[in-house]
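Okay, so chain A shows up in both of these, paired with chain B first and chain C after.
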Partner chain A sequence: MSELAFFIDYSRCIGCQSCVQACEECDTHRGRSMIHLETIARRDSVQTAPQVCMHCEDPICAEVCPADAIKKTPDGVVQSSLKPRCIGCSNCVLACPFGVPKYFGEVDQMMKCDMCYDRTSSGRRPMCATVCPSGALAFTTIEEIMRTRQGNPVNEWQFGNETVRTKVYVLVPQEVTRVDVPLIQISNLSRRPHAPADPYDVAALLEGS
Partner chain B sequence: MARLPASITELVARHGPHPTREPAGGWATRGEPDRVVPTHCCFCGQQCGIQLKVKNERVVGFEPWEEFPFNRGKLCPKGVKRYMQDEHPDRLRAPLERVEGEGFRPIEWDAALDRTAREIQRIQSAYGRDAFAVLTGASLTNEKAYLMGKFARVALRTANIDYNGRLCMVSAAAASKKTFGIDRAANPWSDIPRAKVILVAGANVAECAPITTDYLWQARENGARMIVLDPRMTPIARTADLFIPVRPGGDIGVFNGMLHVMIERGWIDRDFIAAHTTGWAEVEETVRRYTPEYAAGIAGVPASMIVRAAEMWGPAETSFLLHARGIEHHSKGVENCLAAINLVVATGRIGREGCGYAMITGQGNGQGAREQGQKCDQLPGARDLENPAHRQYIADVWGVDEATIPHTGLSAVPLVEAIHDGRIKGLLLICFNPTVSLPDGGFVREALSRLEYFAVIDFFLSETARYADVVLPGSLMEEDEGTTTNVEGRVIHHRKVVAPPEGAREDWRIICDLAGRLGAGDKFAYGSTRDIFEELRVASKGGVADYAGITWERIDREFGVCWPCPSEDHPGTPRLYEGGRFAHPDGKAHFQAVDWRPAAEETDADYPIVLTTGRVVSQYLSGTQTRRIGGLVDQYPQPRCEMHPWLAEKIGVVDGDFVRVESRRGAVVVRAHVVKTIRPDTVFVPYHWPLDRSANNCTIRAIDPVSKIPEFKICAVRVAKADAPSGEEAALDPAAGGIR
Partner chain C sequence: MAEARWREDFPVRWDEDHYMTRRELAKFLTLGSGLLAGANLLIAFVGLTGHAPELPVRRIAADADIAPGTSRLFRYPTDDDPCILVRDTSGRLTAYSQVCTHLSCAVVYQPDEGALGCPCHRGVFDAADGRPIAGPPTRRLPRIRLEQRGADILATGVEV
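Up next is the complex of A and B:
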């Protein structure tokens, strides 16, 4: 059996915030949640998406850290900043392509998801992936995911010219093998094509459109 | 208006709700727990397994319980944070007595119990036994539900006992009994992922039964298609194969229309119907008129959606129907359920793997608490209060003369009306917060203020307890031992994790002490809740809900046992109706033909918009518990009025504006939440909050003629932009009914 891994299936998320509430309960960051739950565009849809640290093979947060405060464990988990080293500059917050690190002013330190290292290193599953009632977050083997899910687990991302490989997988449609995130020039934003017309507008559904 | 012993702001300052954000003793001192106790969540009918961490005899945290098969460690945010109630600063730690103009003062237990017994006797001798009533709840354990029914019938001998399950499961229950002869979900949840098509009608699963989401998603991973009926695009509707944004109250249009198409296309099982059912001819005759066009007019959706639903549901190999309050909270709630169930029986897809249906119970013991005899028309074992044989059996178990057991009393809404018009003078209430949860809140508050004597058992001073003469501090779920019965009919074991705080008592001891003071002590001589369970087993034996073979040891060993379980060597019954054998004496399912009829109050020129109410994921029922937990309060701090941008534009409102939602009965002022995920003719306000923020100020006191459930899901309102509320109450914490 292969090792346990972390999987995100955004399509399953119901926005209940169990992950957020459970993350707060950790004794290493008491009352502070390290997971992000994004509400995409509530006016248009109830869609939400959870975001844990993706634990990059070459963590950009660590590369840009001037204080060398972000370390990766031998098993590939990117840790929160080391308190004695972190200078609170927030380079990592700005650099992370997934928007994961958070700067907490009251402790003047960056803290982020460490995949519940206290739990996973003692054989327990991360808290968010244990409680998630929709299965949007799962900590299991890749074989189990292939057996029980239709989506394809991928852990390779293309941000413009930059390829990022992550320890965490996301489930995407079968035909997709890599998540491509094209870069958009800010000056071109006004010419960005509009999203398809309101697939979730109840009034439009009622008109049979 | 109703009288309170002190101003609301004074009562809130003293008794809360005060949201708490840290575990007992604070985060820093928590450390390694002394013990971790496997038990169950105190909130909804899913009754998820959870482990509570105890340090220095205080509950300080939780750990998922992955071995428990129903939820395998999964929890919703309410389950994650529920442990914060135990050491909550608002906990009642002494009996309280009302002091006019001042609020409440603590008194001794003996004084509180003596006074309550004295007042009960005074009222009953002055006005008759039925003038003292009991209102209870479906979040009580089976043992406590059984005890409350026995207390009313044996110690008080009042006909008037009912419970807040009247606001929850009764329409589904009545429909199931009519069609199948048993009031219970027909299938275990493990059948859901095996179904090829799933119809979810009026159930916001993601918010009200979050754990069930994974079962639905697993079915879809296995190739199932999913149809969702709801006036709002809920999180499970967002990706459904077919979302039908039905008009509130239009569900029968969809169900009968689907059946019409299925008959036309030959997608019904005529062999099954002939062998295992009665009443089909009437159904066929009724739905003949429900062409897709006619049905669409009732449902308020395009006819093509109804045809599409029939095409998905009709020819499927296996199927599962789930319904909840969305179709049940209507003055035709039973009929809505019957029309839905007809879709199941007509296809013969019930009683086998991956084939069946379930009602999703709302309250913690929504299933069990309605079987143990605290409904106004029921005796333990889901027995009928008017059946002579049933009465005699229970009279023998209780050791009383059958003639002394009262007959059917008033259900919750008429009971409160009887308080309002003076027929009922005294009330004992436990596990119920009717000033928030009953419709027409202003009327309810007025009624409570007219009681000559009002006693409340609760662990917090709920908004309803503020009207009490005496408040008796009771226990949380984790402070007593007992059983509940989850959404599957699975009887499970709640362990005592810690003792109640000093000054509070286990609810069952309070009731037994009262019974003793009323001269019925010999009938309530229990040494523990296990004694009550053992008597409950006997009382339920031979009944529909037969627990005779269920022991606490078996529950622990087998992760719960599903009733009926008539003997200790019986495996329990996870799936009902196998082999097409139904529970009526003729062994058949009884089709019920239903025709659509309007709601009690449809829209008109003065009140042109439909108000529908419901829940949010971070709050539970009337919020007595969840409005005291900071993390849950922060997640959805105050009610908002969801409305479509079309409606918002029409009335000149933008997102975040204050709006006044007003019916013929009352109004609620909240912020507008402008979203495209709701029908433009409907607004939604969740109901968990009190006072001026209570959606139930608007709702109507109309009830279903059979189930007596109130019509929470439809009333006519007008909505207009409003000024920001001001004054002392508006300035309260939002959890206490204020607004930000």
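Up next is the complex of A and C:
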């Protein structure tokens, strides 16, 4: 049996917000959820996707931190910011390709998912994985996932020219071995007089434009 | 890409960091102070209970050789320890280490003042008992115990 790992199966998410509520219960960040529950193509679909920290092998949030406040443990978990060190500059918030770190202005500190380090370091499942009713968030072994799921667990991402390997796996269709996210060239966008309207712009939808 | 030098001081990985917690510092200070106090107690205990080494009895001068108001140099207990034998104007014999307790210059007898003077920083010791009476020294000169046997003067020990 290999060691326990975190798996996200976006296709199983039913948007029930259980993970968000469970995360808020934690004593170390009570009332603040570290999970982002994203809506996907809101105009056409009710699909949602939970986003926990992916715990990159080379965490860019920690690399860009000017205060040395984000640390990675020997077992590969990228911790939330250290309170005495974090200066609230939000560099990590801007740098993370998954949009995970959250800046909380009222405490002037960034906080992020640390995979419930108090629980997972002693072999228990993270709060979100314990409450997820559909198995979109799972903390188990890779053998168990291969046995029970149809997708293919991958932990390699391609953002433009940057390859990112993560501790957390996502389940993707069988033929996919790497998640490719192409970059949008901002310089090309700005040259056009009118950028095309975002079809998923909720504000525009509500205004009826 | 080569790792930048500053990254060694600010590593991302927790186990490479030299982060010292407040508790670790407090533990270090407590244990360090305890160790220091323990060492001092041990030294005090050894000083109180240990026996001083037996010093040799050595003939240092003949009684007739030293007139009142003069001094003689000798070495005691080893050849590296210069000492001074003084007969004051009343005829009483005393002997002290010649090493000034301030900065280890050699003291000389000044019969007019009845004192041992250090020329380096004008330190003055009382020739009667070796106490510092002027200048920078704060500790008395070690006194050499003397014994007179017939015509000889013998050194028998050191009183610090």
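By our rule, the second predicted complex is superposed on the first by the 186 of 209 C-alpha atoms of A that agree within 3 Å, B and C clash if a C-alpha of one lies under 4 Å from a C-alpha of the other, contacts with A are read in each partner's own complex, and residues count from 1 in each chain.
In the analysis below, a residue touches a chain if its C-beta (ideal position, glycine included) is under 8 Å from a C-beta of that chain, and two chains touch if they have at least 3 such contacts.
What you see is a predicted model, and the numbers here were worked out from it, not measured in a lab.
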item	value
Which of chain B and chain C A:D68 touches, first, second, both or neither	second
Touched partner set for A:R165, first chain B, second chain C, both or neither	neither
First (chain B), second (chain C), both or neither touched by A:P59	second
Dominant contact partner of chain A by residue count, chain C or chain B	B
Touched partner set for A:Q79, first chain B, second chain C, both or neither	second
Which of chain B and chain C A:G15 touches, first, second, both or neither	first
Set of chain A residues, in rising order, touched by both chain B and chain C	none
In the complex with chain C, residue positions of chain A that touch it	59, 62-63, 68, 70-74, 79
Touching residues (chain side chain B, partner chain A) in the complex	21-22, 27-28, 30, 61-62, 64, 66, 71, 73-77, 79-81, 206-207, 210-211, 213-214, 217-218, 220-221, 232-236, 238-239, 243, 245, 300-302, 304, 617-618, 631-632, 635, 644-646, 655, 674-680
Chain A residues touching chain B - in the complex, by the definition given at the top	11-18, 20-22, 24-25, 27, 30-31, 42-48, 125, 127, 130-135, 148-150, 198, 200-203, 205-208
Residues of chain C touching chain A in the complex	10, 12-15, 17
